[in-house]
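Shown next, in structure tokens, is the structure this report addresses.
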Amino acid sequence: MSHLVEYDDASDEVRAVYDDIRATRQTDYINNFWKALANHPPTLRRTWETIKEVMIAPGELDPLTRELIYIAVSVTNGCEYCIASHTAAARSKGMSETVLGEVLAIVATANTTNRLANGYRVPVDEQFKT
Amino acid sequence: MSHLVEYDDASDEVRAVYDDIRATRQTDYINNFWKALANHPPTLRRTWETIKEVMIAPGELDPLTRELIYIAVSVTNGCEYCIASHTAAARSKGMSETVLGEVLAIVATANTTNRLANGYRVPVDEQFKT
Amino acid sequence: MSHLVEYDDASDEVRAVYDDIRATRQTDYINNFWKALANHPPTLRRTWETIKEVMIAPGELDPLTRELIYIAVSVTNGCEYCIASHTAAARSKGMSETVLGEVLAIVATANTTNRLANGYRVPVDEQFKT
Amino acid sequence: MSHLVEYDDASDEVRAVYDDIRATRQTDYINNFWKALANHPPTLRRTWETIKEVMIAPGELDPLTRELIYIAVSVTNGCEYCIASHTAAARSKGMSETVLGEVLAIVATANTTNRLANGYRVPVDEQFKT
Amino acid sequence: MSHLVEYDDASDEVRAVYDDIRATRQTDYINNFWKALANHPPTLRRTWETIKEVMIAPGELDPLTRELIYIAVSVTNGCEYCIASHTAAARSKGMSETVLGEVLAIVATANTTNRLANGYRVPVDEQFKT
Amino acid sequence: MSHLVEYDDASDEVRAVYDDIRATRQTDYINNFWKALANHPPTLRRTWETIKEVMIAPGELDPLTRELIYIAVSVTNGCEYCIASHTAAARSKGMSETVLGEVLAIVATANTTNRLANGYRVPVDEQFKT
């Protein structure tokens, strides 16, 4: 595993991101993902800015729906860390066990039909091309 | 590409599924995916029943949110047919260009952080394990 | 797309592989995959040798079963060329439409349960660890 | 990890599936996958019914071949739980170490050629299109 | 396919990005990827800024090596557009047919060993854990 | 996990490969990957020969660049063993923390744009088709 950069050992550049994470999320806790990214400060900064824009800034999708989409991708990719952290995030935003069940059922079904469409080499219907 | 089974050439078993698709969706159009699956009638029946349960039956998630999750999986897997058909389905359920943009932005971001978590081999935080 | 190296334009090194493909498969036809790999002769030679060992040389698995496994991987990866060529190869070795249907049903199901196992973060049972 | 639903704590709906798993497999052991799926009973029921149809009901493919195809998909997706459980299932159906070796060699080779076909952007031969 | 936003029909926000792409790359040509992303201007802006930082700004890796890594990912994911565009970009930065062959050979080999490591469930050596 | 074949318990065929690994790498250490592959000696031999040709034999790409490409694939596939072993190999060939950061930033970015290209169904530009 990667070295995790703690706040006390961090450069000013890294601390500025950590401070913004803490202020934005209103918690002192910095999770391991950010401490690992701090090994390459430009990636830490850019990734956090992207997450803020995509997951936190106002938009048409509510925060819980965004987390459900995030879970769908992470489960499809089999990323253990991301499944664990975004399942936790979704729960904190109100996801019930039933909603998680419905999301995973859709993810499972989509992974099935993705392969059936590939395996049968289904031509795209004209009406879906536009 | 696979042979596509048209209604007039279909067995009674396949026609029963086609009839149910038409009745459920209130359209005469059967898209190519189902016509390809009809080459193996048990797969046609089972896949349609699953789709009905997961995507159409009442649940906590509304129909549009389900389609957005479906798109997220299909884009991550790179399934051209599924992206085309479910983007069309989502549009018919009211997805705007902005919502599509927000969904794809989340999908793109999740694919990025999935790899950063893997690449830095980030250990799962204790609080995410439960 | 890549340049396809035809026999008449090929180096001796490439021709030797083409000749062996023809002799082994008892056909004059060289499919596009090999003509593309001929852009890097060491890859052409190594890949053909591997295919001969893994797919053609005597072993415990019969030739059709090997093709079915090949299809399963190619469908999961969504490789259009490989699905097309190995579906054709399997048909030439006797795969019926029903067997293809059964294979794709297993591939579809495995892709579903792979995601459910990930999504629910199911711990491996002790008895499966050995 | 997910909460695992034990038989004694399960609803009648879940117990009915567990009972069917036990009767079908002629063992008392319910593996963790099903105990995790029991968090969303419709997914538990539907997934078990699918597995019964696809993996256990009579068909043209024998039970061991089905497991080998399952392993091929699970290895390609990198699903640790599924690799572990289906390798165990295949062994119980008679898979030798040599057969596992041959299967993994095909899976490895197919993953190689899938990428070479993509990387060289090989056009599908006309004869493979039908 | 998505609507492609041409310069003449673009908003000021989109034009600013297009102008920067043109200035940075010293060409008038805007490729389709950016014209599609322009359907969601924040994604266009953020993706271009990221590409500039990661692929163009000075760093320890030279521009051609960066393109080779990009190709490796795109081939592994089977993204046709990205393979085509980054193969072209790498050629314009001096990639020979032989170097492409070497890159694809490594990509093919890594995809093979990734599956063998998964399939044999190889435990990580202690010395690789730090 | 698989049984790991130690040198003292290995057949002559396996020992010959182990001896070549030791001689080529100038170390006595045989890592677990090879000990697992030794369960199927033809796979052990073929995989090692491929690795020698692709990763060690002289070519236009230097040894460190090859490892960086290997890491890019392994991170994209989420293969824990391969990420760990090739990160170690790259470090031993001189990879700094900054270079790892730059590689992972490219991998992350490519995974993002791969999905945006798919999700927006971007048509390949004519000039990228040749």
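Letters are used for the chains, namely A, B, C, D, E and F, taken in the order the chains are written, and counting of residues starts over at 1 for each.
The rule is short, and it goes like this: contacts are C-beta pairs under 8 Å (C-beta built on N, C-alpha and C of every residue); 3 or more make two chains touch, one makes a residue touch a chain.
Here the structure is a predicted model, which means the values were calculated and not measured.
Q: Can you name the chains that touch subunit B as well as subunit D?
A: A, C, E, F
Q: From subunit E, which chain is the farthest off, judged by mean CA positions?
A: Farthest from subunit E by mean C-alpha position: D.
Q: What's the distance between the Cα centroids of subunit B and subunit E, rounded to whole Å?
A: 27
Q: Counting in whole Å, what is the centre-to-centre distance of subunit A and subunit C, each centre being its mean C-alpha position?
A: Here subunit A and subunit C have centroids separated by 34 Å.
Q: Hey, what residues on subunit A touch two or more of the other chains?
A: 1, 39, 42-43, 46-47, 50, 53, 76-80, 84, 87, 98, 102-105, 107-109, 111-114, 116, 118, 120-121, 129
Q: Residues of subunit C touching subunit E in their complex?
A: Result: residues 39-40, 42-43, 46-47, 77-79 of subunit C touch subunit E.
Q: If we count contacts the way the header does, which residues on subunit E are in touch with subunit D in the complex?
A: Checking each residue of subunit E against subunit D gives 71, 75-76, 78, 80, 83-84, 87, 100, 103-104, 107-109, 111-116, 118-121.
Q: Along subunit A, where are the residues that touch subunit D in the complex?
A: Subunit A residues touching subunit D: 78, 97-98, 100-102, 104-105, 108.
Q: Under the touch definition given earlier, write down the residues of subunit B that touch subunit A in their complex.
A: It is residues 1-2, 29, 31-33, 36-37, 39, 43, 47, 50-51, 53-55, 59-61, 65-66, 68-70, 72-74, 76-77, 79-82, 84-88, 96, 98-99, 102-103, 105-107, 109-114, 116-118, 120-125, 127-129 of subunit B that touch subunit A.
Q: State the interface residues of subunit F toward subunit C in the complex, per the touch definition above.
A: 1, 42, 46, 50, 53, 129
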